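First chain written, first letter: the chains are A, B, C and D, and each begins at residue 1.
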Amino acid sequence: TSNEEDEPTGAQTVAAGGNANAAPGTKVTIGFSAPAADHGWIAAITNNAKAQAASYSDVEFKTVEAGADAAAQRAALQTLIAEKPNVIVLLPHDGKELNSFGLSAMQAGIPVVNLDRAFPDAKAYRLQIKGDNYGMGVSAANYVIAQMKAKGVSAPVIGEIAGMDELELTQERSKGFSDTLAQAGFRVANRRAARFTADTGQQEAASLLQALPKMDALWNHDDDQGIGVLAAITQANRKEFFMVGGAGSKAAIEAIQADSGVLKATVTYSPSMASSAISLARLIGQNKGMSDLVELQVPKEITLASETITKENASNYLKLGF
Amino acid sequence: MTAQAAPAPVKEPEKPAEKRSWWRDDATEPLRRNLGLVAVLIALIIIGIITRPDLYSDGTWVRNNIFTILELASVIGVVTVGMTFVIIGGGIDLSVGAIIALAGVWSTTLATQDYGAGGMIFCALAVGIGVGVVNGILISYGRLVAFIATLAMLVAARGLAAQISGKQTQVSGNTFINDIAANDFLGVPLLVYILAAVVAGGWVLLNRTTFGRRTVAVGGNVEAARLAGINVKRHTLLLYALSGLCCGIAAIMLTSQANSAQAAMANLYELDAIAAAIIGGTLLSGGRGTIIGSLLGVIVFSTITNLFAINNLSTEVQNMVKGGIIVAAVLVQQVQFKSLSLFISRNKLTTSN
Amino acid sequence: MTEMGEVVLELTDVVKTFPGVRALDGVQLEVRAGEVHCLLGQNGAGKSTLIKVLSGAHRPDEGRIQWLGEDFAPANPQAAMKAGIATIYQELDLVDDLSVAENAFLGHEPRRFGFIRRGHMARRTREILGGLGHGEIPPRRLVRSLPAAGKQVVSMARALSHDARLIIMDEPSAVLAHDEVGNLFRIIRELTGKGIAVIYISHRLEEIREIGDRVTVLKDGRTTAANLPARTTPTRDLVSRMTGRTIEYVFPEPSTKDRGEQLLRVEGLTRANEFADVSLTVHSGEIVGIAGLVGSGRSELLETIFGARQAESGTVRMGGRALRPGSVRAAVRAGLGMAPEERKSQALLLGEPIYRNITLATFTGYARGGFTNAGREVAEANRIADTLDLRPRDVRRPVRTLSGGNQQKVVVGRWLLGGTKLLLLDEPTRGVDVGARAELYQVIHDLAARGVGVLLVSSEVPEVLGLADRVLVMREGRVVREAPAGELDEDTVLDLVMAGSLQAEEVTL
Amino acid sequence: MTAQAAPAPVKEPEKPAEKRSWWRDDATEPLRRNLGLVAVLIALIIIGIITRPDLYSDGTWVRNNIFTILELASVIGVVTVGMTFVIIGGGIDLSVGAIIALAGVWSTTLATQDYGAGGMIFCALAVGIGVGVVNGILISYGRLVAFIATLAMLVAARGLAAQISGKQTQVSGNTFINDIAANDFLGVPLLVYILAAVVAGGWVLLNRTTFGRRTVAVGGNVEAARLAGINVKRHTLLLYALSGLCCGIAAIMLTSQANSAQAAMANLYELDAIAAAIIGGTLLSGGRGTIIGSLLGVIVFSTITNLFAINNLSTEVQNMVKGGIIVAAVLVQQVQFKSLSLFISRNKLTTSN
């Protein structure tokens, strides 16, 4: 999100040489495909993957850009196959839509590492590493609930700015949020869906603020669109509520640490998973296991926990912000 | 002229009335369309009042809400003014959203931000006009179909914006720029003044200057315009430059609202602007349209959005309802149109007899 | 007007080719100040192309143009206007959504800092319109709402808004009715009286006799005769130079046979502000003509009978069965056909081949199982092209490339195919040259002889009287007289037609 | 009585060569445009060969790549055939992508999937035609501007699709459907056959049937068509139904490719289809266009995408280059056009003199 740093922070890659697995092994060609970056998080995914791959002398990294939709990504992957990679790391536009590609690649003997957006079919991937969208909603709701309890608000007005509504991950996040709130007897008073961009974030937030003249808490799914959400809050001159962010951008973490505005917390969904995916793909290509685990092979599924960053722990996370 | 006994050919005083009736019909059509849009607006507000009486009972809230709607309309409104000119002039500009993104991104690079607010505004306007001129050259001198040329520009400009921004959201650190969206003057948001100024300027340009009248000629009958000695190519070029200029202004406004710019900003604004212009009575084939109609079209759309927000409709229901409202809005204009013209013609009959 | 001024314009060997055709193939022309120089030629002879060369709309390929003694090659219309040449084009060249004044001054608006001086412009326009005898047209009305005749007046106003030394008029009288033509001639005389030269194009020889000084004849893009005296050159000569043959400009003998059974019966047809309570009948084999002023509602009447407009009251019966109001399809099914007044906007697919335009109303009939039969269509179209002497004869060429008169033949030709029982013709000979006109008359007559009923609207009274068996005279939306053609003469009809307007003028003044 | 050829002079034999050349120019224009597109295609392939000789040296790869391009083109190609009819008929259909999404989602609900492949296909086609008919009714009988009516339908149909799918991606469990995209027949993918069948059907319909003739007439001059007794309203309705039918077919194809359907599928296909049709020579204002041109337009676009993929261009560079290629493609068509007509007319002069 920051202007200065297009390169990922060092902390988002694993330093090569940290453990025994880091020693150069057989040459591995990793093919990588992620949707075209149109906002910070996806851009960070691609950058992290690239940087992580560059840190290994035994990895050859080939990316294909995935274009605008699932169909374009399928077409791009088709050409990637022709390059005969050892492992494919793939952040699909939509897990279900690209499931058939995963299957055919696996059948052709190319292990597929699915990043973030799950294939429904277990045979379609060798490894799935993803964030916890539902858990994000849960964490955000838990923070909101705790604050409300602390303030003694029994029927809080809670707003939500979601991301692109047609994506399943948005649905999961919202579901985790509303499910958890419901357990505390709370509900979302108004939910607007933006499109992961700052300008749509601003517009939806402006509408939301108008619809809820008084609000207690607001959860915004994505810190990148949060720039616009915060701008709208400033423009409306509102400060009676607090806001929870999502994903964990550097700017958001800094703002939380400084405690200067309504943004009090953010729940992580870290693009660092891309770095991990590359490391593990390399191990799969070299037929190695994870050195901290007893197993001789990399596990089949890894789900990152969604952590809650607040003023208290912000300094720990600063290095992970994108 | 009717209802007269045939064998009384003497004393036919309705001749002057009839002569006038030559041009009876069409002159007031834009006015009636606009009245139709106002009716739609009123209906939307009434729906708002019915569904959220709690909010609408608060005077301050209502006042704020009007400004919220206008602010929401401001960026698209500015773009639509330029678009209206282009469409009246017989063209179309699909690249407006992309131009906004490119202008916004370019004016928020660190290098540009170093020059301060003046530098940023200059950069946005220059980029807007520059891209508009390229569109214009491709279309008028390169003789490309406007749809294709501006579609190509859409793709290319977004690509360039992504390249420049490194696909990052570029935060604007300039308080002057950021304050445009945050501040009021005499209780009215600055963005609303900008919209008003652009609309007023557009109206004067279209209705009171040779440029505007020639735009109608070029779009309405290009051969006639050519035979009247108008430099059609140069005029076409200027139209796209004007649209680009509006996009430059809109880029500053949007950057100010979002405190940032990125390559994906102003996504699909082209569709919104074209739809607003057409709802406002601009003929897609050129030669006819009004600035006021376009403005009303934009406001109708942002009022719909506002109505959805205050009623907390889910996205999918929003979309279904929105489709219905658009159709209804156009139908209302037609009903309005028909019944009024019927009324007028009946009126005419009684007065002329 | 007998003594003419110095030569202002001289063309030598001017050539203009379009892809594949030499529209002008060595034209000579000499125009003097203060004269009305008429251009005569068949449809497609190159008259419009010639004036477009003069007005800067086309550039000549070869040849020399001298204007006021100097070589002249206008690069664009603006240049020609600056040099003092103003043009009224054959196809109305107005912008519908601009006002009368804006159209008159389009391209040279009076302005200050880019702002139009609207008051000034309106005043000048009112002056010019007043001079044209049409002070009643408000300068600020949209041109869209004017009828064709009103638009022609605006076109003229535009030409007069320049300080021109030469005004070119390409068939200005085509859309004007009798009284308007008289008005036009008065204006032309005023212009020539001031030493302004006028180039006048018309297919009506009697007009050329009345207003013209000298005549230049074009044929196939070449000058075949120059500077003939307009008044005295025998018609036979003019026509043979135009066409390469002689044509007796006479109407076919009215058929003596009895009327057939009744085809069309219109009763009490009314549309507010257009026409009221019109009743008429047409029998099989009968030609019924409708005479009247422009604006008397004849076009609207025809369109309403044809179902293109919906009547407010009244019925249209065809062969005893009432037609569904407002349905063209019902009318076509019942055997009606109509050649509308404005060919470009109402009748032609300009980009499509001629044969497809000719078969536009009938192609379904040649189709089998939904599949078209192009061979059959071309054959039928060729037959029509022969009948009407279409030039050029190639029916696969796009209609767009035809000259105005030949386009008109295509429109009429469409309804000569298929089982049309009743033909509605709205100004069928507008812009058609004398040769083709005679052929069209013959065609109409032959149709009637075959039992087809014809309802003919024309602003040329002699045409109505000469062709029709029975004549209706319309004024201000009403039928004021109905009589067999033999009982009427031109003066009677004109009196009937004008009476109302004369009175109206008295009322207004 | 008429036409007495008295002196009967010189019946000039009207230079036959000149006669033919008259229309040659116009009639062959589509052909020349299409040749221009073929030239563009060849150029793109040559660029592919130059930039990736390693891949292009492998015969099997080249063969597969051709099919990859055609498969990529297949869905959009089918949509573009319908779109071409609509545009030739003087309209526009912005709702094609939304219709595909709605048809795809509806035919992959669990309830529909229970009926098997036949039920799913029927459902997709019925939804496509149904939505098309609604479009048609709004436009022809409701007299809405096509742009607005189909824009409203776009919004509403996507909303309905989201509602039906609960915004989930619905997996197709039907092997027959899924196999359409996976299988070949005689070495050629089934999707390519479908595309070929739709294109061939569209060509025949446009060029050899009364339906096609009416389409050209209605789009070329609606008033002339009406006065020639063509039922313009019904025909307009049929055009949108046809476009809907094509979308239904495309929905099945896309569902088969993705083994799933969702409300956001086929996003912005309307722009792609319109762009392909226009690049292929269809006049946006109606009355002119060819099916072959549209097909070539689609293939050009998918070849560009393929070229980018095999060269692994980054998205932003892709976009910039794509804009340039589109402009170049149109310019090539014009150059082609001009030089050829120059050549012809020069040829003409020498033969006729």
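Keep this in mind: a residue touches a chain if its C-beta (ideal position, glycine included) is under 8 Å from a C-beta of that chain, and two chains touch if they have at least 3 such contacts.
Note that the structure is predicted; figures quoted are calculated from it, not measured.
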By Cα centroid distance, the chain farthest from chain B is C
Averaging C-alpha coordinates per chain, one finds the centres of chain B and chain D separated by a number of Å equal to 30
Taking each chain's centre as the mean of its CA atoms, chain A sits from chain B at a distance in Å of 38
Here the gap between chain A and chain D, centre to centre from mean Cα coordinates and rounded to Å, is 38
Shared-interface residues of chain C (touching two or more other chains) are none
Two or more other chains are touched by the chain A residues 37, 165
Multi-chain contacts in chain B, i.e. residues touching at least two other chains, fall at 162, 167, 263, 315-316
Listed by label, touching pairs are A-B, A-D, B-C, B-D, C-D
The chain B residues in contact with chain A across the complex are 55, 58, 61, 64-65, 68, 71-72, 109-110, 162, 166-171, 178, 181-182, 254, 257-267, 305-306, 308-312, 314-316
Per the touch rule, the chain A residues reaching chain B in their complex are 1-4, 6, 37-40, 42-43, 165, 189-193, 195-204, 206-208, 210-211, 213, 224, 227-228, 230-232, 234-235, 237, 251
Listed in rising order, the residues of chain B that touch chain D in the complex are 94, 138, 142-145, 147-149, 151-160, 162-163, 167, 263, 271, 274-275, 278-279, 284-285, 315-324, 326-327, 330-331, 334
Within their complex, chain D touches chain C through residues 1-12, 14, 18-27, 208-213, 216-217, 220-221, 223-231, 287-288, 341, 344-345, 348
As the complex stands, chain A meets chain D at residues 36-37, 62-65, 67-72, 74-76, 78-79, 82, 94-100, 120, 165-168, 170-171
